[in-house]
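Next come two complexes, and both contain chain A; in the first it sits with chain B, in the second with chain C.
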Partner chain A sequence: MAAPRPGPEASSPGGLPVAVDAMGGDNAPGEIVAGARRAAEELGIPVVLVGPPDQMGDTGGLEVLPASEVIAMDDDPGSSVRRKKDSSLVRAAEAVRDGKALAMVSAGNTGAAMASALLRMGRLKGVVRPAIATPIPQLGSHPAVLLDAGANAECTPAMLVQFAQMGAAYASARYGVEAPTVALLSIGEEKSKGTPLVKETHALLEDAEHVRFVGNVEGRDLLRSPADVLVTDGFTGNVALKTLEGSLRFFMDALLEVFASDEEAKAAAEVMLPRLAPLAAEFDPDGIGGAALLGVDGVCVISHGSSNATAVVSAVRVAHDVAAAGLVDRVARSVAPA
Partner chain B sequence: MPAETHVEKGPLGRPEVFELIRDQLADILEIEPGSISESSSFAEDLDADSLALIELVEGLEEELGERTVGFRIEDEDLEDLRTVRDAVDYVVAKLGTA
Partner chain C sequence: MAAPRPGPEASSPGGLPVAVDAMGGDNAPGEIVAGARRAAEELGIPVVLVGPPDQMGDTGGLEVLPASEVIAMDDDPGSSVRRKKDSSLVRAAEAVRDGKALAMVSAGNTGAAMASALLRMGRLKGVVRPAIATPIPQLGSHPAVLLDAGANAECTPAMLVQFAQMGAAYASARYGVEAPTVALLSIGEEKSKGTPLVKETHALLEDAEHVRFVGNVEGRDLLRSPADVLVTDGFTGNVALKTLEGSLRFFMDALLEVFASDEEAKAAAEVMLPRLAPLAAEFDPDGIGGAALLGVDGVCVISHGSSNATAVVSAVRVAHDVAAAGLVDRVARSVAPA
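Now for the complex of A and B:
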């Protein structure tokens, strides 16, 4: 672990902007446009907003790529991408495909974002199925990369090996880790533990190319990961991720309740809360910057549906940084035969 | 032949439709074309998920749209296509009526 994250740059490769789906998410377009403006102003990253110009409000002079349709959060992913060809999500993916944008960011319908990226940018040669890589915060180190976080509910061992390879490429691009380590999520450290999928994957990972496999980890290790990359199938990964999010939120709420319980606790809160704030910020999803779809021929960062302006700023920064670090080429090389 | 239909590359017979579907599926699923037969089930034999099928549909529309204007696979018909044979039958029928 360790190693610094590559810092955001003041300019984009080729001067290309990051395409932001202005209509994606529960707080669109207001918070999304506000975040895009902040990203441009605070980070110096060029941004193009994608969506219906008459619905975006004040864009602060940002470039706008018109798109007349919107894919709703509850639209069917596959059919909506086919049906709504002039949607903000589809147009954002096309901007990347056509070389008009460096990367795309959306806080909208996750499945549709994935379908848009897959169908418009295309799959990288050799990739069986794209996977969603999401950062898991760690104390005193860069986050670990968990994948798949929900793109593929059912997986084969060969798919999980590719997730390991792609996840390692992502850890390198995003966190500057030179030789990322990989662990497999299971119900015990022993290779004999787990489902047939886990046991077969363990055997394959021991001999896999481009993978520094360190063995199995359990769910309790997620926040103290011994590896840079945590591999699992999309069903398990999504359950693990949502369990973590819910647990952390519950813990924070419970802590605040205790601090508000009587006068002595309130006095203690005045001392403790400022000290806890940086810790809370480290685990705040808004600051983490979204999940990346790996295995497509372009950079696609998917932010959570309730993203606010700060989350959009983080997602734009991540999209820019990993694109500038050559994420797509790294992933392509990671799955190529040696 | 309907007015909106034209053929640029010559008509496709059933064997050519099967080859087209097989080759596109092999590319999408990263498997050998020889492992795909008409009786292959998308879900059970080929592990093709819904997005893989949509990739196939878009690929077929792009390829066949160059031959037959207006060729389209309707989303509501997708759930009826469970095997490669179903897809071949569907495309052959569509090409005959597109």
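Now for the complex of A and C:
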């Protein structure tokens, strides 16, 4: 279940717009601009498009923040952010830093979006390393928040404890969960299972402040998560998420192939497809709203590279909602000593 | 595609039987004994049942190797193997060591099966740590072999290189692949991506003997593997495999629920189910034959804990086939310096 979302009459805190990187993603700028326009029209959320004005096409009267450069999907994140100071990604992050935007949204180069947010907005006090939080759909409930989904291949136990705290703050801001539960991804429920990193983190989480720790979960639990937040290092998290995505896509493709295999199957598919639609909608990446970079001093939502206009609408909505719910303050408080 | 399997007329090398742990698994001994009987009758593979003779029920005339103790599914692997010297698992491993059985099969406690095999059969010369190799179905081709699936939560680059070599030996013995390709599980195709373990292993695999390395793969590639062998540490491998299993099971359950949702859906399901059967069969864990412990001086096949008789038949067939194909010699040669 999504958080209650504002209707078209909603206004942003301080009337600030969400800054959308018009040039990020495989379908930029066309689908991105279309999504930004729809977000403004359908949700009533003010949006500012960031990028080269002459490349954006019809912006439908949306505000534009000019930026002359573009960071490509395959550019090296660190060096491109340092080199392309007038890129749409960097300018979007600066707009948040300078209080000109409520949040930033990009479907572009994930590493460069992270680097832009980190370098321009800065890290929140006390945060060792920012992490990427990704929603994992749960039937009949709000998604679980998995982090780190890939920002940090190498982690320490102290980092994982902060991921737990920041993930709980996100689950509160995003889904309205009052006291989110946290589980640790491992290879068995017993605290004796796993790597030294996992075992040490397990011990720390049992006593950590601001964390309702419910123990270990395994890979098979991801879609039936017993916790609101799933904590893991960025290597394992990335492998698990991509495995999940790959297997669901594989299964979908195989199913659709069978559905189209002959005339009788096609007729049966006409019965099945409307009944499968609610399930498919819950797993539609375009409806999920993207991943959030937690631990920086601003809201940064990263949508998947193949985002279409609908995905951009979702991402703008999420960025607006979590900013309005005070995500940054919540994250800052979550990692502060009691 | 499964490897060519022997018909009922097949004879085992030296006429040796496959030792089946009659007491291992959630459905032991009933389903295990039934599966052993079917393997003998349908495949013509000689089988010896290991366990307490008075608890096995009707063995249908199969040979029995008496063992008075049973290691439970939740017993501590190391201590139970040391303590229960007359357990069915330990006696099965001893039968292989003593040349009385061609291979062992168990659906019991995975850790205890590993420990029994390792302690009784011993490690092959030069092998740092044995690993669990698990088949991952690939539509239209033989399964890919993923290892390590969970034997070693902590790994070194040298261990992963051996896993590559042993996995290739297994793919040859099991699926008849002449020069198996090997990929490394990471979070990006670039050699600069991943943990220090992955990056160092990538560099070593580029020059490793007996290894046709094709580069990194990601979690989303597991069901469309570009390589015959997928190498990873036992923590990541276990998380990835369980994520795969969990998501396929989730999708299956959700699909079956929709299929049964009303009368019209049920009628359409009658059209769909026979067309989905071949797909379901490829992913049926009971048909896959279980995981193999590689690096010990004998063949040890571990079937999943919920194995039914069909799963036992598959496991006996795999154990027989890879033993007959000289798996142990192949693994020993694969890790030997050129």
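Here is the rule we go by: the second predicted complex is superposed on the first by the 329 of 338 C-alpha atoms of A that agree within 3 Å, B and C clash if a C-alpha of one lies under 4 Å from a C-alpha of the other, contacts with A are read in each partner's own complex, and residues count from 1 in each chain.
Basically, a contact is a pair of C-beta atoms (placed from the backbone, for glycine too) under 8 Å apart; a residue touches a chain by one contact, two chains touch by 3 or more.
Being a predicted model, the structure only gives us computed values, none of them experimental.
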{"item": "Touched partner set for A:Asp58, first chain B, second chain C, both or neither", "value": "neither"}
{"item": "Contacts of A:Leu222 with chain B and chain C, given as first, second, both or neither", "value": "second"}
{"item": "Contacts of A:Leu118 with chain B and chain C, given as first, second, both or neither", "value": "first"}
{"item": "Which superposed partner A:Glu154 touches (first chain B, second chain C, both, neither)", "value": "both"}
{"item": "Partner chain in contact with A:Val128 - chain B first, chain C second, else both or neither", "value": "first"}
{"item": "Contacts of A:Val258 with chain B and chain C, given as first, second, both or neither", "value": "second"}
{"item": "Touched partner set for A:Arg83, first chain B, second chain C, both or neither", "value": "first"}
{"item": "Partner contacting more residues of chain A (chain B vs chain C)", "value": "C"}
{"item": "First, second, both or neither for A:Leu185, with chain B first and chain C second", "value": "second"}
{"item": "Those residues of chain A which chain B touches in one complex and chain C touches in the other", "value": "154"}
{"item": "For the chain B and chain A complex, residues of the former touching the latter", "value": "28-30, 47, 49-52, 54-55, 57-58, 75"}
{"item": "Complex interface listing, chain C residues touching chain A", "value": "139, 150, 153-154, 185, 187, 193-196, 198, 218-224, 234-236, 238-251, 254-255, 258-259, 261, 264-265, 267-269, 271-272, 275-276, 279"}
{"item": "Chain B-facing residues of chain A, complex", "value": "77-79, 81-83, 114-115, 118-119, 123, 126-129, 152, 154, 156"}
